[in-house]
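Before we start, here is the structure in question, set down as structure tokens.
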Amino acid sequence: MSDLLNTADDNEVIIGTHTLKSRLIVGTGKYASFEQMQECLEISGADVITVAVRRERLVDADGRNILDFIDLDKYTILPNTAGCFSAEDAVRVARLGREILRGLENSGSDWVKLEALGDTKTLLPDPVATLEACKQLVDEGFQVLCYSSDDPILAKRLKDAGAASVMPAGSPIGSGQGILNPNNIKICMEYLKENDPNYPVIVDAGVGTASDVAFAMELGCDGVLLNTAIASADSPHLMADAMKLACQAGRKAFTAGRIPKKLYATASSPVDGTIVK
Amino acid sequence: MSDLLNTADDNEVIIGTHTLKSRLIVGTGKYASFEQMQECLEISGADVITVAVRRERLVDADGRNILDFIDLDKYTILPNTAGCFSAEDAVRVARLGREILRGLENSGSDWVKLEALGDTKTLLPDPVATLEACKQLVDEGFQVLCYSSDDPILAKRLKDAGAASVMPAGSPIGSGQGILNPNNIKICMEYLKENDPNYPVIVDAGVGTASDVAFAMELGCDGVLLNTAIASADSPHLMADAMKLACQAGRKAFTAGRIPKKLYATASSPVDGTIVK
Amino acid sequence: MSDLLNTADDNEVIIGTHTLKSRLIVGTGKYASFEQMQECLEISGADVITVAVRRERLVDADGRNILDFIDLDKYTILPNTAGCFSAEDAVRVARLGREILRGLENSGSDWVKLEALGDTKTLLPDPVATLEACKQLVDEGFQVLCYSSDDPILAKRLKDAGAASVMPAGSPIGSGQGILNPNNIKICMEYLKENDPNYPVIVDAGVGTASDVAFAMELGCDGVLLNTAIASADSPHLMADAMKLACQAGRKAFTAGRIPKKLYATASSPVDGTIVK
Amino acid sequence: MSDLLNTADDNEVIIGTHTLKSRLIVGTGKYASFEQMQECLEISGADVITVAVRRERLVDADGRNILDFIDLDKYTILPNTAGCFSAEDAVRVARLGREILRGLENSGSDWVKLEALGDTKTLLPDPVATLEACKQLVDEGFQVLCYSSDDPILAKRLKDAGAASVMPAGSPIGSGQGILNPNNIKICMEYLKENDPNYPVIVDAGVGTASDVAFAMELGCDGVLLNTAIASADSPHLMADAMKLACQAGRKAFTAGRIPKKLYATASSPVDGTIVK
Amino acid sequence: MSVRYNCSMLSIKLNGESREIPDAWTLAELLKDLQINNRYCAVECNKQLVPREQHSNHVLKADDEIEVVTLVGGG
Amino acid sequence: MSVRYNCSMLSIKLNGESREIPDAWTLAELLKDLQINNRYCAVECNKQLVPREQHSNHVLKADDEIEVVTLVGGG
Amino acid sequence: MSVRYNCSMLSIKLNGESREIPDAWTLAELLKDLQINNRYCAVECNKQLVPREQHSNHVLKADDEIEVVTLVGGG
Amino acid sequence: MSVRYNCSMLSIKLNGESREIPDAWTLAELLKDLQINNRYCAVECNKQLVPREQHSNHVLKADDEIEVVTLVGGG
């Protein structure tokens, strides 16, 4: 039976030099504890997880570091540049992230999730700073995964600037609103995958629940990056499992080719042969 | 790890005297072949499948009967009354379906998916005929699963008439439009589950893809009944797998308790400790 | 210029023996004062207004009656059967309403807005009681405008039972959610206007703002009945004006025949002749 | 009665040094004839109309120029830079447009609708070129109305660059899809009107019908710019009238303060005093 | 309504509340006593509409259930 | 089903089509003649279900309307 | 525009197409020759706007790229 | 970090806060003093990354702005 299913192993997606076994990329922020984070990451089936770069708390609150809870051989770490509001800062933070991952000999030392944000209120990405930082980071040899708005023209410019992947927001970070403008995501895909069907497009930010993830995949996106939806769910473990399943379900539905939408019915049961007419 | 996940085995749902191991009920219509149907049913993980009752084709086209392709021990068959446009006909067809299943000693001989339709164009259910037929069938000892509109007052009347489950349509049969009025489904749930949280409410009809299934489950529905979405997909096998995963994903997301929807962001990365400010 | 606009006077709609000059039917409930109600009714341009039938308060709070504030020659009163939860009660209240209007010699003495509700929590219409009451009232010579769910099969049954108009709910009374299932409204229209294009279909209930009204008219509905949206707006006068304009706008847009929806652009400015290429 | 309505004359909106008497700005492209365009403009009630700049056709097809059909005293012309795909070209075309309007002594000689597009397929605006051109045009003394995506951070940057108005797209030009991301439009408004409530935000592009216009105004936008929706309607005259009414309706509804959205009802008719209970 | 008659009384239900009225009163007399604006009202006796014209000759009996209704604001 | 009997016949309606069958046939004989897999079918006579057990002693009469149904794919 | 001058010519680009014009013509003379309604037009020479007032003293040179534009319908 | 050195000191900025450290300390000495797990950190001096290998020979100067960062949870 299973041979019917996995034509090519459809769960793999290639971003730059990285081959991801899961289309779900999961963040490590906002969990109740490092232990809970560890369990949710494992349940999610993700093999790429994102982290942020912050000042060492020197006088350490509890003396524990997230890295004590991350199996560096199992996970490829994708450092982000969260907290940066200019290209210059984003480049600095990317370098620092790479330095740490090189020290840790983690496979994630050659890429970065570029976030250059507009402001703290909405955490929406700043198109100008993002584009600028993308160019610099590409020059410095980074594989850059750009968190961006769903503006298709900007997405194209980021790809032209060398981005390894463009990651349009479904809706603002942590807003839980899912994909607010499927139309724009479709146009992004047209531009980004024109004569380049395998160019990776990941929906990042705003996903709130399983159906959002499935919907993103049904649009043809290559993956989904999320954090808040799992970490802040009432039961993060269950939601991590839900997201894993939804990501696979959405991908399979996309690959399967859904039925068209019509105003109304076509009978599932044969019309003729009824005893009544 | 797994103990974190299955608090109670959340995939079980009880309808009347039946305990279903899967929340997905799959139809057997419109497949390209009996073989394809058999494979899709197995992939879908469903343990309840629906069938229709039609005149024996006497001079048989290919001498094959669907029952040669259905493992009567593995599946509980849920006969429907598709093709009936009056209570009287629906009752007749229900009796015939029961008679066959009794002969086959299948566990589905005591229930029926009641469909009393308005007309062939839309295959939308006729509220009056459905209610009338429901009362009669309950009197004759059937466990009646009523395919109904998403009218909450009708749903309540069907339950009061003894329906073992009310199955509101997400959208017209085969229209592939998913759940067009979540508001009504929520109100149906309020009425049907008032002081009766385990009363089974199944979304039946109109589901087109995985995210529709996940969304139905996230509304708190107990299951989804679908047929066209799998049978008429470009690759029914893949879509069957997608629907299985989506159903589990949606249920887990519902049980997990999603994050609220807000206009915009709350940072996933900690705000303090950034090197920039 | 004006001759270009009013082909036939498109604002007229015929319901039974009544010719309405405005497609907006406005309710008289929930206003801050009778004076405010009077002003809003006039601003709204409606010539048909609805009222309810209630027990005379005998020991009268302020000795004022709504009828002192309604110009019986200007407005045709449409009495409703709000507060009735059975066919029997709805018929009683309809008779009482007719009796009063006959006494007042108002043109509204021959019709009734039939509301037979499921329960007080949602005030959603009860399909069974509504259908039953409709038949009785038609037999007693009423022109019956049936407040109904958006179930197309029920709508057809009400018409077949003699309803002068079927008035599907956009969303629950006072919920302000506008039209939650345009798909169902379209199918209602197909059924109700099959070989009978002028059969009046009015969206009643749930309209919250101007764009809801315009949208209802763009679906091809013949009119909109609303009350809460005006009476409970911060400024009822302004909202009454907004609703009048929106009703006309929506009707004209429907009659004008809108452009199709497409994924993206066709240039508004001519493509050739640009100095750049 | 009328004094109840027009608190301040709410149809006026100020953009730069221009006071518009209508919140509807209408384009002059794609009409069947200059005559039809003239009639539609008048019916629309717009006092600002947009034009494009194109090469003089030298050997003239019919020897007629649009300007022969535009009353230069009645209308303020807003020239656009359609057809430009770089900042440099947009600036050139803006200067040419200004030169012509100066020659014509039209009040529109000091402003420009800046369009710097990504490509001809989608005609979506290019954020980088738009921002660059905006700065240059502001430096050259233009009042710049920037056609932009609905990216709130870009909108803020355009305002900071001196734009007299930011005009986010509801959906791609001519797509007729209305406002696809109200969430983003709301966030644009928050940024653009922060401590500057009268800063003009106009929805431009993608509006398809009256309810789209009303909805834009209900979001609090100051106006709507459209062309295709009227010019390509089956009856442009009727649609022009519809759009005028819808714009006023939406504005009044916004000003009036709509009722909140709730899951279900609050009775319009008083609950107590019914004869039945 | 203060009871101030010197004849035998009978009890009816008026708008859901019981009330004593003089024996053999007609509906018209009841309404007059209630100072109700006849034009704005309609009356039911035991769930049966009593048309305006018959008020004056409709004699009330014990335990009659009278409903006197008018029009109020409604959606 | 070729007609090849030498006794009086009577006409019934089977699945909507009229058909000649030998007089006094029982349902069971009809089904056997139709080579129908009895296990997969149910039979109605004049809109009344005839349970499996009674097939052999249910004698067919003229103008009986017989419906022989089975299960097919359905939603 | 039929060529009918008996002086040396020079070639310019007008609205993207090459065109022969008499040497030392000014913009004004070109426009007059094109019978263009000056009020409705604006002119660019080598991507630089030439204001209306300077048309008469702007002498054209070989290979000048002239754009003569007007207003047309647009969104 | 209690100050307990008997040599001249210089002041630097560490993670935004000013701090006295012994003259001529190298980055490596600073980190050791801070008991920081070197593997989990990266260091910047005046906005320039100082690769791990150069910590031991990077001599700190007055008013150097040092940032010592690590990885934390993030989206």
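Side notes on the structure shown:
We call the chains A, B, C, D, E, F, G and H, going by the order they appear; numbering starts again at 1 in every chain.
Throughout what follows, a residue touches a chain if its C-beta (ideal position, glycine included) is under 8 Å from a C-beta of that chain, and two chains touch if they have at least 3 such contacts.
Just so we're clear, the structure is a prediction, and the values are computed from it rather than from any experiment.
Annotation of chain B and chain G: jointly contacted by C, D, touch as defined at the top. Annotation: the D-E interface is duplicated by C-G among the options A-H, C-G or D-G, judged by over half of the residue-numbered contact pairs being identical. Comparing chain pairs C-G and B-D, the larger number of C-beta contacts belongs to C-G. Measuring from the averaged C-alpha position of chain A to that of chain B gives a distance of 32 Å. We define each chain's centre as the mean of its Cα atoms; on that basis chain C and chain E are separated by 35 Å. Of all residues in chain F, those that touch two or more other chains are 15, 44, 67, 69, 72-75.
The residues of chain C that reach two or more other chains are 27, 29-30, 52-55, 80, 82, 92-93, 96, 122, 124, 172-175, 177, 183, 187, 205, 227-228, 263-264, 267-270, 273, 275, listed in rising order. The full set of touching chain pairs reads A-B, A-C, A-D, A-F, A-H, B-C, B-D, B-F, B-H, C-D, C-E, C-G, D-E, D-G. In the complex of the two chains, the chain A residues touching chain F come out as 267-270, 273, 275. Within the complex formed with chain A, the chain B residues making contact are 1, 4-5, 27, 29-30, 39, 42-43, 52-55, 57, 80, 82-86, 89, 92-93, 96, 120-124, 172-177, 205, 208-215, 217-218, 227-229, 231-239, 241-246, 248-253, 255-271, 273-277.
Across the complex, chain D is touched by residues 14-16, 34, 36-42, 44, 47, 49, 51-52, 67-75 of chain G.
The touching residues of chain A, when paired with chain D in their complex, are 118-119, 122, 124-128, 131, 149, 151-154, 156-157, 171-172, 175, 177, 180-181, 183-184, 187.
Note for the complex: chain G touches chain C at residues 15, 44, 67, 69, 72-75.
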